[in-house]
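Starting off with a structure, shown below.
Think of it as A, B, C and D in the order they're written, each chain with its own count starting at 1.
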Amino acid sequence: MSTVAVPLRGSYLEAGFSLWSWLSTVDHKRIAILYALSITAFFFVGGVAATLIRLELVTPAGDLVSAETYNKLFTMHGVIMVWFFLIPSIPSTLGNFLVPLMIGARDLAFPRLNLASWYLYVAGGLFTVGALIAGGVDTGWTFYTPFSTMFSNTHVIAAVIGVFIVGFSSILTGINFIVTIHKMRAPGMTLFRLPLFIWSMYATGIIFVLATPVLAMTLFLITVERLFGVGVFDPALGGDPLLFQHLFWFYSHPAVYVMILPAMGVASEIIPCYSRNNIFAYRSMAFAVLAIAIIGFLVWGHHMFVSGQSIYAGMVFSILSFLVAVPSAIKVFNWTATLYKGSISFDAPMLYALGFVGLFTVGGMTGLFLASLALDVHLHDTYFVIAHFHYIMVGGAVMAFLGAVHFWWPKITGRMYSDRWARFAAIVVFVGFNLTFFPQFLLGYLGMPRRYHEYPPEFQVLNVLSSAGASVLAVGYLLPLCYLLWSLKYGARAGSNPWRATGLEWQTPSPPPVENFVSIPEVTEPPYAYREKDRSDG
Amino acid sequence: MIAHPVPRVRTYVLVWVALICLLLLTLGSAYMNLGRLNAGINLAIAAAKAWLVAFFFMHLRSSHYMLRIAAATGFFWLAILIGLSLTDFAVRY
Amino acid sequence: MVEAVVVARQFDDARQQRRASDLGMWVFLATEILFFGALFMSYTISRIHAPEAFAIASRLTNITLGSVNTAVLLTSSLTMALAVRAMKLGMRRTSVGFMCATIALGIAFLAIKGTEYWLDYTGNLVPAVNFAQPGPHAAGVELFFFLYFVMTGWHSLHMLIGIVVVGSLAVMAWRSDFTPDYFTPVELGGLYWHLVDIVWIFLYPLLYLVSRA
Amino acid sequence: MWNFPLHPDRASSLALHVDILLYAWLALAGVVTVAVLFLIVWFAVKYRHGSGANRALPPDAALRRRNHRIEAAWIVTPLLLFMVMFGWAAVLYYAHAAAPANATEIYVVGKQWMWKLEHVGGQREIDELHVPVGRPVKLIMTSQDVIHSFFMPVFRIKQDVLPGRYTMLWFTATKPGDYHLFCSQYCGTEHAQMIGHVVVMEPAAFERWLESGNASQSMAQEGAARFRQYGCSGCHGPSASVHAPKLEGLFGRRVQLADGTSTIADERYIHDSVMLPRKDVVAGYEPIMPSFQGQIAEDDLLDIVEYIKSLQDALPLEGK
């Protein structure tokens, strides 16, 4: 392997300041920034919808918005948060930024595809926002037939096309990650020296390329059925609505792992760093990531226990769902064991990461409640499910996303933020989150169905608690926006490795040069060698 | 520099002849009433044809093992999609 | 190696670049399999629901044109494979010739397919346009033809893309853009062409041969 | 202010079993979660940066051996526990999958946005379901339009209600009272108003309710009227000149079909025979029956199904 020396040409941020230099960039780091800006915008659009939903639910009567508006609000909340925030969140921003840096490459394998993926994302977003402006969609993010094809009078097709397009953005990202991780590792960077974040990006890539095309074709079939009144889903045409559900969840369940696997990768980077300890059981962590990605494809039918699918299918999908929980449990235990005999400090990223572990544990355990057949019959489509998946996707994925942003912020921007504010924000998010979503577990067991804009009065206390928590959570999400932006101008300059972390990305200046490395590094030791590093640093 | 020896034209032509023969075979078998066996034969022949194309025309025979894994994965995941769905549809009624 | 191979800035050398492209293409082909996979799944389930109707409907397809088209497509795969081989051996003109043959066969395929569509149209077999069939299983037959048009439609679209791709490759090859050291685009274009062929290999028995006996 | 319940009433024979399963899960999940959180907090305090805790690890080989044992323990333990919990939940689910043969049948049609229910005696209800205590009740459900879901939290059961298909739900109520009935599958604008009551009554009160009900005639009688109204009797009646299958004693029997297979004549079969008559043609008959799809409402069809069921004892049709 030749080690090509590249002259240092200043940081990637200084490679051009015009708008066009950003819109035409093929630098993975700049594309990551483009993605970060766009997903943040979508996060706040989805957040506004969530705010209105929680406000409406303060009282049992449907008094703030009409039923129609409410249905459009939760649909847009779901569509935007799932496809335009959560799925691209960690992979397309931090993954894009870090994959080449962490494996010691100059860029992703296909930089132009990478830029194309961002443009597809924007095009898909425009269609979806277009559907929103034109009057909204009221099918729920799940687009269940025959409601979405034959009965809804809203702009289903525009929204479906938006999601169809953004799917190809995911596919391109997935191809790029898989090829880059296989073919472009630095000398000495063997598979089992890869940081776990890279393993999680690899697993995410697999899910992107294998699940997304199925969704794309399914959405195409929905569109045709809606436009022409012929298709395979409507029973009035001899079709089967459960066929849609199988196809939809074949994508959408693995998509949940697209949200949580990167979060696990982030926790696996942060926890060893602030524990100054080697990660516990590196290999089983890597295998667990792969196992989750693969078994995660075999469990989709647990969304359909009461849908009318056969009880045998229910049994098969139930047992497989329990199996996929085993590697997740292993990961939680291993993170905990990583703390053992460490030297732990509690900087903001660590608080987010520990918060992630706790909330993910609750989310994962309640997921097992739902995988239990007899219990799911009662809990399905209630607020218990809402609480469960928000613990995974918001408590898990968003906490980890924030942790990752804080951890790599100095690397990305070259600036330090206020750690005191950041720790405060982490605690606000954690408290606000639990206050918002824990009451929903109780609501669900009491029997409150999801997607209700009015509800019986005995559910009010818990709903008020939840809405109160949501306002705390909103503050928690606005805080980082403020102090992180502040740091861009006033923050102290960050050195190349402010956290004394291992990993190749910390061996290059912050912010990194255009070509990532002055010369491609050679890897000689396993990842997370914190004990060895601290010993040699003294 | 050429990584692998280039297959001879004869190989390609023979594969093509085999493909056409299989086409005739599947067409012919379809005109024999074999009950459920017809579908099985048709699919088996289609799989054989796909294998010939992939191994010879697409050079999987001499490719890096990663490429073979990628190809196999696509088909395997399709089998998962259809196979696990059949736990529902095949026993629904 | 005398001739310079353009290596993009992110790669170490031509070999790494070629291997990355190969793997990228195969991963893309895997997504294509699952893209069509959703249709194969819909077909399987619909056929389980309406086996009789699928048998009847399949007999309404044009077996002659369908079988000839299969042969045309298999032959086009042969010419494409020979085009790649010729390029690998540096026989530029031969390669361009085989690519032109591939394009011609591809166009022939689409022409035959178009003829079939026309016959289907005159036979009142197009769902949502003019579908009208007598008999006890009309709804199931319509379902079959819906899938028939969606599956062959997506396949034809892929053929069209393939023809454009091979056409561009032929032009580039004619301009001597490729050498025995660098012909990755030709190889990848060939892979794409063969995959579209494989999709048809499965469509053929599922659509034309359900119940001919 | 704190007068809200923490778990819903238990009003079916199943409810307690589901609750016990929940409590078991709460205990298990609680122990695991608390243990993990305790360890995190304990390690975080004990090994905080600058603390004087002993951080020395055993030599490499011994460490590796110990770690492997720990890993194996926490792969195998969750796996075994999960399998136990899977088995428990699955057995409970399976045991409750099929209704007992003596269950009272009630027919349910979901439509945007109301529930229409009909008792065998012909009593019709909208958004209300009256059932007696202590007697198994089986709901046979279908939808007129989109997918709905029939959810009764106090019974701990729900089931999606699909168009073009019958799904089934059964329970034995144990406690009189007035409870919630929800639609739990999102079904359009007024989804949140597709709610109602389940009224569980003492058997005697239930009988009184049945008698005071709005039923002018039983479901089967109603069905017989529909049978004539839609012209079914023209072919399937005793004096018909058309060669059509006889329906007396049909229900529950195995029927030979024209394509060589056979099927049990259940509700689904009768439903499909009316709506999609070409789907399962009876052996020995011409497929001449027209489809009634789009012409007959699902609740009328349920009356006809009940009528055909009532012909169980092969009584000759009343040719009035």
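Some notes on this structure:
Quick note on the criterion: a residue touches a chain if its C-beta (ideal position, glycine included) is under 8 Å from a C-beta of that chain, and two chains touch if they have at least 3 such contacts.
Here the structure is a predicted model, which is why all the values come from computation and not from measurement.
Judged by contacting C-beta pairs, the busier of the interfaces C-D and A-B is A-B. Each chain gets one centre point, the mean of its Cα atoms, and the points for subunit B and subunit D are 42 Å apart.
With each centre defined as the average position of its C-alpha atoms, the distance from subunit A to subunit B rounds to 37 Å.
Our note on geometry: subunit B versus subunit C, Cα centroid distance of 14 Å, whole angstroms.
Contact of a single residue of subunit C with at least two other chains is seen at positions 19, 23, 27, 30-32, 34, 37-38, 41, 45, 49-50, 139-140.
In subunit A, 182, 210, 214, 238, 240, 242, 246-247 are the positions where the chain touches two or more neighbouring chains simultaneously.
Each of residues 66, 73-74, 77, 81, 85, 89 in subunit B touches at least two other chains.
Counting only pairs that meet the touch rule, the chains in contact are A-B, A-C, A-D, B-C, C-D. Note for the complex: subunit C touches subunit A at residues 8-13, 16, 19-20, 23-24, 27-28, 30-32, 34-39, 41-42, 45-46, 49-50, 53, 127-128, 131, 139-140, 142-143, 146-147, 150. For subunit C in complex with subunit D, the residues that touch the partner chain are 50-52, 135-140. The residues of subunit B lying in touch with subunit C in their complex are 1-2, 6-7, 9, 12-13, 15-16, 19-20, 23, 26-27, 30-34, 38-39, 42-43, 45-46, 49-50, 53-54, 56-58, 63-64, 66-67, 70-71, 73-75, 77-78, 81-82, 85-86, 89-90.
Taken together, the subunit D residues at the contact with subunit A in this complex read 1-2, 4-8, 17-18, 21-22, 25, 29, 32-33, 36-37, 39-40, 43-44, 47-50, 53-57, 67, 70-71, 74-75, 78-79, 82-83, 85-86, 88-90, 92-94, 96-97, 112, 145-147, 149, 151, 153-154, 156-160, 162-165, 167, 180, 182-193, 195, 276, 293-294. Residues 62, 67-68, 71, 138, 140, 144, 146-147, 150-152, 235-236, 238, 241-242, 275-276, 280-281, 284, 306-308, 311, 314-315, 318-319, 322-323, 325-326, 329-330, 332-334, 336-337, 339-346, 354, 357-358, 361-362, 365-366, 368-369, 371-378, 380-382, 442, 445-447, 449-456, 458-462, 531 of subunit A touch subunit D in their complex.
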